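For reference, the structures are reproduced in the following blocks.
Look at the two complexes coming up: chain A is in both, with chain B in one and chain C in the other.
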Partner chain A sequence: MKRLEFKKSIKLRWKIISSCTMFGFKESMAYSLNNWGNLLSMIVYMITYLIFLDVLFGRVKMIAGYGYTEMLFFTLIVQINYYLLFIITQVNTERLDTSINTGELDLWLVKPVPALWFVSFRKINLGELLFGAFPATIPLLVILSGKWSVLNMSFGGVMAGIIFIILGQIIIHCFVFMIAMTAFFTGEGKHARNVGVELSIFGDSIPLEGYPKFLKYIGLTIVPFLVHTALAVSFFLGKNTNYYYLVYVFGLAVFFLWLKTVAWKFSLKHYSSASS
Partner chain B sequence: MRGNIPNNGGIVSKNEFMRFATYTKTAVLGFLQVANYRTEVWFQVFAKILVFAGIVLFWSVVGTGNTGQTYYQLIAYFLVANGARELIDALYGKFGSTIIDDIKDGKISSYLLQPTHTVIFMYFKHFGTRGVTIVFSILYIIVGIVLAPPTSLVAGLLFLVVVGSGAIICFSQSTIVGCGAFWMTEAKGIKNVVNHISKVFSGAMIPLTFFPIAYQTSVMLSPFASYAYLPATLMQTKTVDSFVFLQVGVSIGWAVILLFLSRLVWRKGVKRYEAIGI
Partner chain C sequence: MVENGRLEIFFKTLFISIIIKNMEKIIEVKNLSKKFKVPVKQGFVRSIFIPKNKEIVAVDNISFTVERGEAVAFLGPNGAGKTTTLKMLTGLLYPTSGSVKVLETIPVERKYTFLRKIALVMGNKSGLSWDLSARQSFDLFESIYDLDHQEAMKTVGYLAEILEVSKSLDLPIRKLSLGQRLKMELIGAILHSPEIVFLDEPTLGLDVVAKRNIREFLRKTNKEKGTTIILTSHDMADIEKVCNRVIVINHGKIMFDDAIGKLTGRYRGRKYLTLIFTEEVAQEEVEKYGKVIDKKPLTYTIEVAGDEQAKVIAAVSENLPIDDIDITHVPLDEIMADMFGKR
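Moving on, here comes the complex of A and B:
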């Protein structure tokens, strides 16, 4: 019986994600001209960022022990993480804040679905993936295509890097989501959310090896901004081979998932609806 | 109170005075709306500190050996550059987003009916919501000046001129970009294109002197240089030579041209808006 209930619960959650994703995709396709604008925006962004890197490496040879090609790879992982974060976390925390501010959350809470799951994956913007993420990553992949041999990659490092991206995304999602939940207490969460976003991308310009010890400690524990990009790239490029980090980060992910659930329950108890 | 309002024979007409009073009241209202959420104000302050901490950290890792500047000078450069950029709303060009949203949501229908200059009214409305940001950007500039005090009075005066022309350039840029919504409803993609270009070519991410010599002059004379590079350089320059005057002159020129262009685009856009809806 319990097994059957578990199956049902998984099915329901899958249905929520797929329906919300389809709806989000249709919604994002509504403004076709703007989508082309977004595509152009990303191409321009990548060009300007590559100019920035070129200009910078015209003056310096290394940044925190990373050469030009390694920094290009770092940028690739930054982009992948940024879009995952944007598509899953940023969009949904924004919706959560608006729904708290307007009282729309009331309606969501009475739906016969797991509320936290629904709120977490209310909208997954595949349009953004199509018109933002691909143009941001494909040029980098093309540039890197002839340079893979320069990078010191091993099978173990790549696998660990991928796991760190996945676990890091879960951790940072929970972290940003918890910051966004301050809207339950303040009524408005725009700038709190911005802080969450800024913290989540704080580790996106410098490799892990460039951080002072105390920031590394903070970034891998209470404010986990270093896991999804900096730590992952460090393993991808063989700069770090301490595989105990896998166990540690898995534990951190479980802890943050638990903390998110606790914070959600606590916040709901203090939720005073704006609509009633 | 009435006695304070100049009559039609004065320099400022009664209508203009009342319009200005409306603008300032709108700005104050915008500020109060934001200040109402005090925790949010603190979060805003924290986010600003975080962004700047990122820049400081990045340059402390890159090192100053190849820049020809001391660490303090470089930090002062970024403080003034980002302060000026933030002050004139060139960081994200949010006024452009405001225009886009107001057009998309149809809010400008009611603005157009008011006896005010619509774009100026919208600007003041937006300006009020930037209260915390403005205070913070001034703080950035002050700290930057304290770290590396200016050595030339003329440069200090030119700094004020450039901040003024930069503000007009940014206002015009945001208006032109925002007007894109008259043609394509949602124009934030285009706004982002301009923002990305402005980020690199304003000198806020990297001093423009880092660029290869072949492109340096053209980048320094672009309208974006007035957002960050030019104000920051003026605060640190030791001698005001003819090239500095040329840069300031070009900045004023860009301000005049873009302001004229923005008026033109707005008028065309409004005509189109009327044709669609009200």
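Moving on, here comes the complex of A and C:
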């Protein structure tokens, strides 16, 4: 009986994600000119960044123990993580904030859906993936295409790296979401949410090995900004092979998921709903 | 003789039990209260470091029940506690004390079976995507409520026809007028055939035709489908046209809970006479016959005692340049203003 209910619940959650993704895609396609503008701005940004890296590595050979090609790979993972954070977490927490502020959340809380799941994945912005993430990552992939052999990659390291990206995304999603939930109490959480997003991508400019011990400790515990990119790349490139990190990060993800659920229930209990 | 008496008692009992069964209570509210904490206005520094809050009682110890198929209106001035009550009935707000049961469920538990059977429409809030057409939003609702696509489309077509918005189904919501958007909201809300529809100011800001259209639709839904309707509105016509019972709330307390007829019945002893003149008449002249309620060029509305109505009409016809006289009951608007002490 419980297995059947579990299956039903998984099916419902999948249905919500797929319907919301389709719905979100249609929404993002409503303004086509805006999308082309986004694509163009991403190409300009990526070219500027690649020139910056080129100039930098023209003067130094290594940054925090990472060579030019390794830094390009680091940038690729940064981009992937940034867009995952953007299309899943940033868009949905922004919507949560607006919904609380305008009272629109009321209309969604009375729908027969698991509310936390729904507001977490209400809009998966595939349009952004298409017009933002691809132009940002394709030039990198092209430059990296002939240089893969320079990178020291093993099967175990790649697998661990992928797992760290997934778990890291779950962790920062919960982190940003919990900060966004302050809107339940303050009525407006835009700037608090921006702080959360900035903290989440704080580790996206320097590799893990470049951080002092103190920041490394914070970035892998209470403000977990080092998991999704820095730790993942360190494993991808074989600079770290301590697989106990997998167990630790898994535990951290479970803890953050639990914390998010508790915070959600607490927030709903104190929800005062915007006046009509 | 004794046998006949027993048979009569048996049938009476059976009849009463059938009636009781049909009058199933689907909303039960007992001693319900809701208090909000609001910040007290202080100096900038004080409000940051030593913030002070005061408690506001939005709903104060109210109790009532609603039976299946009823159309009930919550009526009251701004801040009376109508919307807060509605939000507690739908599970959006946790009560501070007391109990609420809707469809045998505690609303804040947000059970799937409960949420599947209710709908909420808020006149000033939109559940439809601004950038997509109503039909595209309905597709999402169809998934959420797990509806059969063909059936859902048929229902959308039917409802859109009644509400006269068939041609607007494929236009982006941002391109629709307020009236059209609200009608789409209504269609989206009742697409899954809910047992209870909660409406908060559903005709807010609409023109006369759109209002009439929505009222007729709600009345039809209530009569034909037996859908229970719980409505809050400032528009008395909404209440008169849609509901048969009214709960008057003021300062969070219930002041009246009965049929609309009984509320207006309290004022049956008073009549309104609308006097239309052929030429300008001074207000002092008109005031001799009753209290002036409203004044327009060539038209005055006066209030008179019901038993004096004939006498006043005769006197006015004889002494003033009368073109026409219209006799009406005291409108609900005026009754409310009287109850809430605004007159």
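Throughout what follows, the second predicted complex is superposed on the first by the 274 of 276 C-alpha atoms of A that agree within 3 Å, B and C clash if a C-alpha of one lies under 4 Å from a C-alpha of the other, contacts with A are read in each partner's own complex, and residues count from 1 in each chain.
Basically, a contact is a pair of C-beta atoms (placed from the backbone, for glycine too) under 8 Å apart; a residue touches a chain by one contact, two chains touch by 3 or more.
For clarity, every value in this text was computed on a predicted model and none was experimentally measured.
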item: Clash or fit (per the criteria above) of chain B with chain C on chain A; value: fit
item: Partner, of chain C and chain B, that touches more residues belonging to chain A; value: B
item: First, second, both or neither for A:F57, with chain B first and chain C second; value: neither
item: First, second, both or neither for A:Y248, with chain B first and chain C second; value: neither
item: Touched partner set for A:V113, first chain B, second chain C, both or neither; value: second
item: Chain B versus chain C as contact partner of A:A192, first or second or both or neither; value: first
item: Which of chain B and chain C A:G37 touches, first, second, both or neither; value: first
item: First, second, both or neither for A:C20, with chain B first and chain C second; value: second
item: Where chain B and chain C come nearest after superposition, their Cα distance in Å; value: 7
item: Overlap of the chain B and chain C footprints on chain A, listed as residue numbers; value: 31
item: Parts of chain A lying in touch with chain B, wherever the complex brings them together; value: 31, 33-41, 44-45, 48-49, 51-52, 55-56, 58-60, 63-64, 131, 182, 185-192, 194-195, 198-199, 202, 205-206, 210-211, 215
item: Of all residues in chain A, those that touch chain C in their complex; value: 15-16, 19-20, 23, 26-27, 30-31, 102-104, 106-113, 115, 269, 271-273, 275-276
item: Of chain C, residues touching chain A in the complex; value: 36, 83, 87, 90-94, 110, 112, 115-116, 118-120, 122-127, 129, 131-132, 136-137, 139-141, 143-145, 172, 200-201
item: Complex interface listing, chain B residues touching chain A; value: 37, 39-41, 43-44, 46-47, 50-51, 54, 57-58, 61-63, 66-67, 184-190, 192-193, 196-197, 199-201, 205-206, 210-212
